[in-house]
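Multiple structures are listed underneath, in structure tokens.
In the two complexes that follow, chain A is the common piece, with chain B as its partner first and chain C second.
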Partner chain A sequence: MGFVPYTTLSSLRTLKCCRLMSMYPPHFAEPILKKDSEIINKKDVSHVPIKAAPNDLSDSIFYGVLKNKLLKYITKKGNGSLAKQLLTDTLETIKRTQIERLNLINAEKENVIIDTERILVNAIENSRPLLQLSEIKRGGVKYQVPIPLTEKKSYFLAMKWLLDAAREKDRKVHLPDKLAWEILDAAHGQGRVIKKKDDLHRQCESNRAYAHYRWS
Partner chain B sequence: MSLRVLGLNLIKTNRNLLQTAVKNNGAPNAHAVAMAPYATQVTVQATPAAVQKQKVSKAMKAYLERANEHDEFMKTQHLEFQIGKRHLANMMGADAETFTQQDIDEAINYLFPSGLFDKRARPSMRSPEEVFPARKAAEFDETGRPFHSMFYTGKPNYFQLLHDIVTETNKLNDLEERMLRRGNKPDENQKLEMAGSQLLRKEQLERVLVEHIADIEYQNFTSAMERLIISPYAYKSKAFIERFLKPLIDQSKQLEVPKPKIDEQGRQYVTTYECLRKTARADVTVRLPGTGKITINGQDISYFSLEECREQLLFPLSYSKMLGKVDVEANVEGGGPSGQAGAIRWGIAMSLRSFVDQEMIETMRLAGLLTRDYRRRERKKFGQEGARRKYTWKKR
Partner chain C sequence: MKMLRKQFVNLSRVSTHLPRNVLASRAASRGAEMSTNVAPAETATAPPPVINEFRTGVTNPGEQSELHVAKFYTIPIEEKKQIFSGGGLPKQYEKQIKTFTEACLMVRSPALELLHYIKNADLTKPAVRYVLYGDNGVGKTLTMAHVLHYGALNDFLLVHVPWAPNWMKRPKEAANSASQEGFIDLPFDAAAWLIHFKAQNSKLLQRLQLKTSKEYVWSKRESTPAGATLIELVEHGIARIKYASETTAALISELKQLATAGQCKIMVAIDGYNAFFHPITRIFSDNKQRVSPDRITLTQPFLDITSYDWTNGVCVLSVDKIAMTEGYMSSYMPRYLLGKEGFEHLDPFVPVHVGNYTDKEFISYINYYLDRHWISKTQPGFEEQLKFLSNMNPYTLMRLVRGL
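Showing the complex of A and B:
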């Protein structure tokens, strides 16, 4: 009589590398929004199952991938709504400052960017590092070896530096104000974060002789 | 459970039966061995080759024994299955002769209701051919000489397959070169369409090969197949490739779209029950035409105080450009705000399918609005502070 208890474990093993402990099988694809779906071939994805849209995804005009990522980095102890409030305040401060500047200036009004999203993107792009120094031990001596960064890591570092700079402040100054200043500075290619990035690049340049320790 | 116990008992009795069967089978063999010296005395001098032919190798003998055992086992299993089927048919008051597998499944489901989540863990009764994996027939002759040249690799079928794939690839490469020299181009119309199909998964391939393969071996298979499929002339060996492809279900046509009903005011409406997300449960009614009114448990959208949750509710409506054209009524219970919002969002998206065209349904599916989010809270583990976090390590 064919009584089949759950015996085979082979189905539990996965070949593809996917996020560990994920509830979705590895062949599930990330959600594709309308804007992106113009690029892809609809025929290719018609057979692919899609993961459910996460609860921070939306098609509102205020939605941005980079903004969403920054929100996650601002969040402390899972208080996402507070983080959202802080970021909204930051963007409001930036907008107010930019409009003030626009009104003060007499000529070349086109050069002042009022779009806060663009300012944020510019700031993050400007403060993205290309290389990182990592310690490698060779012959009992530790060398600071420059190593190229992945795109993801460089975005992370840029946002982390911006936030670190914003959190290093007087107790009386609020985070949104300080973050807004840092973002505005970075968007114009100046400030502490840009300096930090340049310092890192300079150090990497001076340690370029050690670069070969990465593979030998 | 009684089924299982019954089965085990039967297997025990089977074993006894089998042992006697093997003993019986052993007797003639012994007889043959005893006969052999007699035969040599009379005829062997003239034809030694003929005698050697009769000699059965140890491997063959062991195999025959095993095969016999397996055959007997399968026979008894089959008998038991037939008896079980008759019993089931009697219990259900149906005709045993026309009792199909589907009837069996229904009967088992009715007689042994199981609350187990995994379908494979629930009791079932299927024919022994399905339950017990197929076995290989003899791979060597009586003298112990293997038929297959790759027998000593241990996995002849697998390596033969790899060999075939490479032969096929080489053939296509040669063809490509010849065509290039002649200045011909591959036929674009006949190009292999791979979007709707997928290579066999490891378990499926193992079933085809009747061999167990390691993960790395499966990887070798997939990469070899990919190399074959990439070739511009892959359509020339379409028949070969299709043996190892499995068609995929078209995701967009998988779920049936419900037909809207008409309410007393003459408006179309669709109700989706059991909208689940985390521990929240909702039922959502969408009415067309409407003014964009949203009612949740008798309140308006201010039922949710968080901005993110309200955004979630509006996501499917604005995404399908139905915002302000339909009315939404939802009853929701259980869970927290984000779970409730997620449940209603799914309900709205599923109901909206009845009021939009097929293309919009597909874009909604691609945005992940029609997928049920079955992620749940991860349980706390013992010896740990939570699901993942460990207790602070103290030496003493």
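Showing the complex of A and C:
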């Protein structure tokens, strides 16, 4: 498994500032997550207007930007508490599997990642697509044109694919179990989601001749 | 519209020019926020000096003392299999045991207190009843498990009911009793209990060679003669499930007599004992009425063996809020849970309060979890947060930590 650098979706949060329809002018500062740290110079922020903190932001150990995002994608009909329960179950299953794996092997114990959040990040980073096919009509013919994705959209697609794969299951299998398998698979660079991403990339590659239709 | 699309295109173009690892550098600048960055280094270095601190090599509960409070001892696999294969440890704890590849129990003061009483008890006097009580998830069942382990190692015959409310709330099957008019048999549950009893005590029963005192006639053709061993009696009950309830009653009255005669000593352990005094069960009688627990044939023998009219035994009982149903769960105190009838049945008893973790136990547990790789997020102050969120309640802590 190629180790994916630990990049997280702190960018997802920062991306908000350049949102087109933002209700805040650009000089507003982001709220600070940690209570004590991060404020390097209090004078710097003393007269800067600060955006209102989103109500799901917290500095507890249970908080992760990426986890939060995934939580919102799992949620159905606003039932956030159920989604939270499902995600926690998923993480528990992942942790159990990894610990059992760790107990089974004798050598190279360092290679088994037990930190569930890191596994989740790895899985999502591994399943992020770079390009997407979009239908563009030129001269009466529709072409499948590869276009690059924004960062945010690629994260969205990765998580959506993981969830779709998890939801496509037997009725007797619970979502947390299936989601855990998919995440573990994706974190190791295999499984259905990775295959889906590779297929998409391959199609984009074969349609590269149409790429110029994006702008002409 | 076109303008908007142009802008989108611009945006997406920008994003492709950014190499992916730019994210990493951005994340690094926010390193403090992303807790997991810290984790691997600390888990790799921290545990070794801690290991001996929260474990103890004394695996015999009889030898544990105040010195070992808040330390973990391991139950050997064979003993765990013998005592707890039919229940006795909570399901989620069993799961932990499987994941951690060891059956560890923490030595806690309620268990030590109880063991101290049991060790110093005069067995020639009538059986003393100890009642474990406490809020939800404080470890009553595990305290009982600890005591059971002691009993199994010290030649007590175990009469152990892993969770009595199962009989009242979700019996496998209910049938009208043949011998007692208007009573209800739970043949499968009784047989399951007999199997559990046999699994726990088979070695001791073989050694002691206990005999029945009178002949039991089950039907025209079947009977157990006087002088048969108790194992035969139990095996008959398991083989003929129809008579399992009656066999249980016979077995328990025999055990009481044998113990009073001094042939064996008995440890009775019943979890969720107050279920026997709940006003109503979920079992329906023939006329579609819910029956009360005293109309179930299994209740009577277990009430008999928890009364004080026999010697050479100890009774460890637990009263639990979740053994009751809604409307009867507002307090965890024995008087409330047992009701007037149950309280008078048990009176006088020794109450043993099981409470939340102390600071020392809490820290020990966190260390244990760290050692077993169960917690992988170790940014500074995480113990404080867990302590605050769980209120040092063992079950809440276990549930909180699972997603970390």
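Basically, the second predicted complex is superposed on the first by the 173 of 216 C-alpha atoms of A that agree within 3 Å, B and C clash if a C-alpha of one lies under 4 Å from a C-alpha of the other, contacts with A are read in each partner's own complex, and residues count from 1 in each chain.
In the analysis below, contacts are C-beta pairs under 8 Å (C-beta built on N, C-alpha and C of every residue); 3 or more make two chains touch, one makes a residue touch a chain.
Just so we're clear, the structure is a prediction, and the values are computed from it rather than from any experiment.
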item: Touching partner for A:Trp215 - first (chain B), second (chain C), both, neither; value: second
item: Touched partner set for A:Ser60, first chain B, second chain C, both or neither; value: both
item: Partner chain in contact with A:Lys34 - chain B first, chain C second, else both or neither; value: both
item: Contacts of A:Val141 with chain B and chain C, given as first, second, both or neither; value: neither
item: Which superposed partner A:Ile50 touches (first chain B, second chain C, both, neither); value: first
item: Partner chain in contact with A:Met23 - chain B first, chain C second, else both or neither; value: first
item: Chain B versus chain C as contact partner of A:Arg118, first or second or both or neither; value: second
item: Touched partner set for A:Glu100, first chain B, second chain C, both or neither; value: second
item: Shared contact residues on chain A - chain B and chain C; value: 5-6, 8, 10-11, 33-34, 37, 60
item: Residues of chain C defined as touching chain A within the complex; value: 7, 9, 11-13, 15-16, 18, 20-21, 23-24, 26-27, 30, 32-37, 39-40, 44, 95, 99-101, 372-374, 376-377, 379, 382, 385-386, 389, 402-404
item: In the complex, chain B residues that touch chain A; value: 3-4, 6-7, 10, 77, 80-81, 84, 118, 120-121, 123-128, 130-131, 195-196, 202-203, 215, 218-219, 248-252, 306-308, 311-312, 314-315, 318-319, 338, 341-342, 346, 362-363, 365-369, 371-376, 378
item: Chain C-touching residues of chain A, taken from the complex the two chains share; value: 5-8, 10-11, 14, 20, 33-34, 37-38, 60-62, 64-65, 87-88, 91-92, 95-96, 99-100, 102-103, 110, 114-118, 130, 147-151, 214-215
item: Chain A residues touching chain B - in the complex, by the definition given at the top; value: 1-6, 8, 10-11, 13, 15, 21, 23, 30-34, 37, 42-60, 80-81, 84
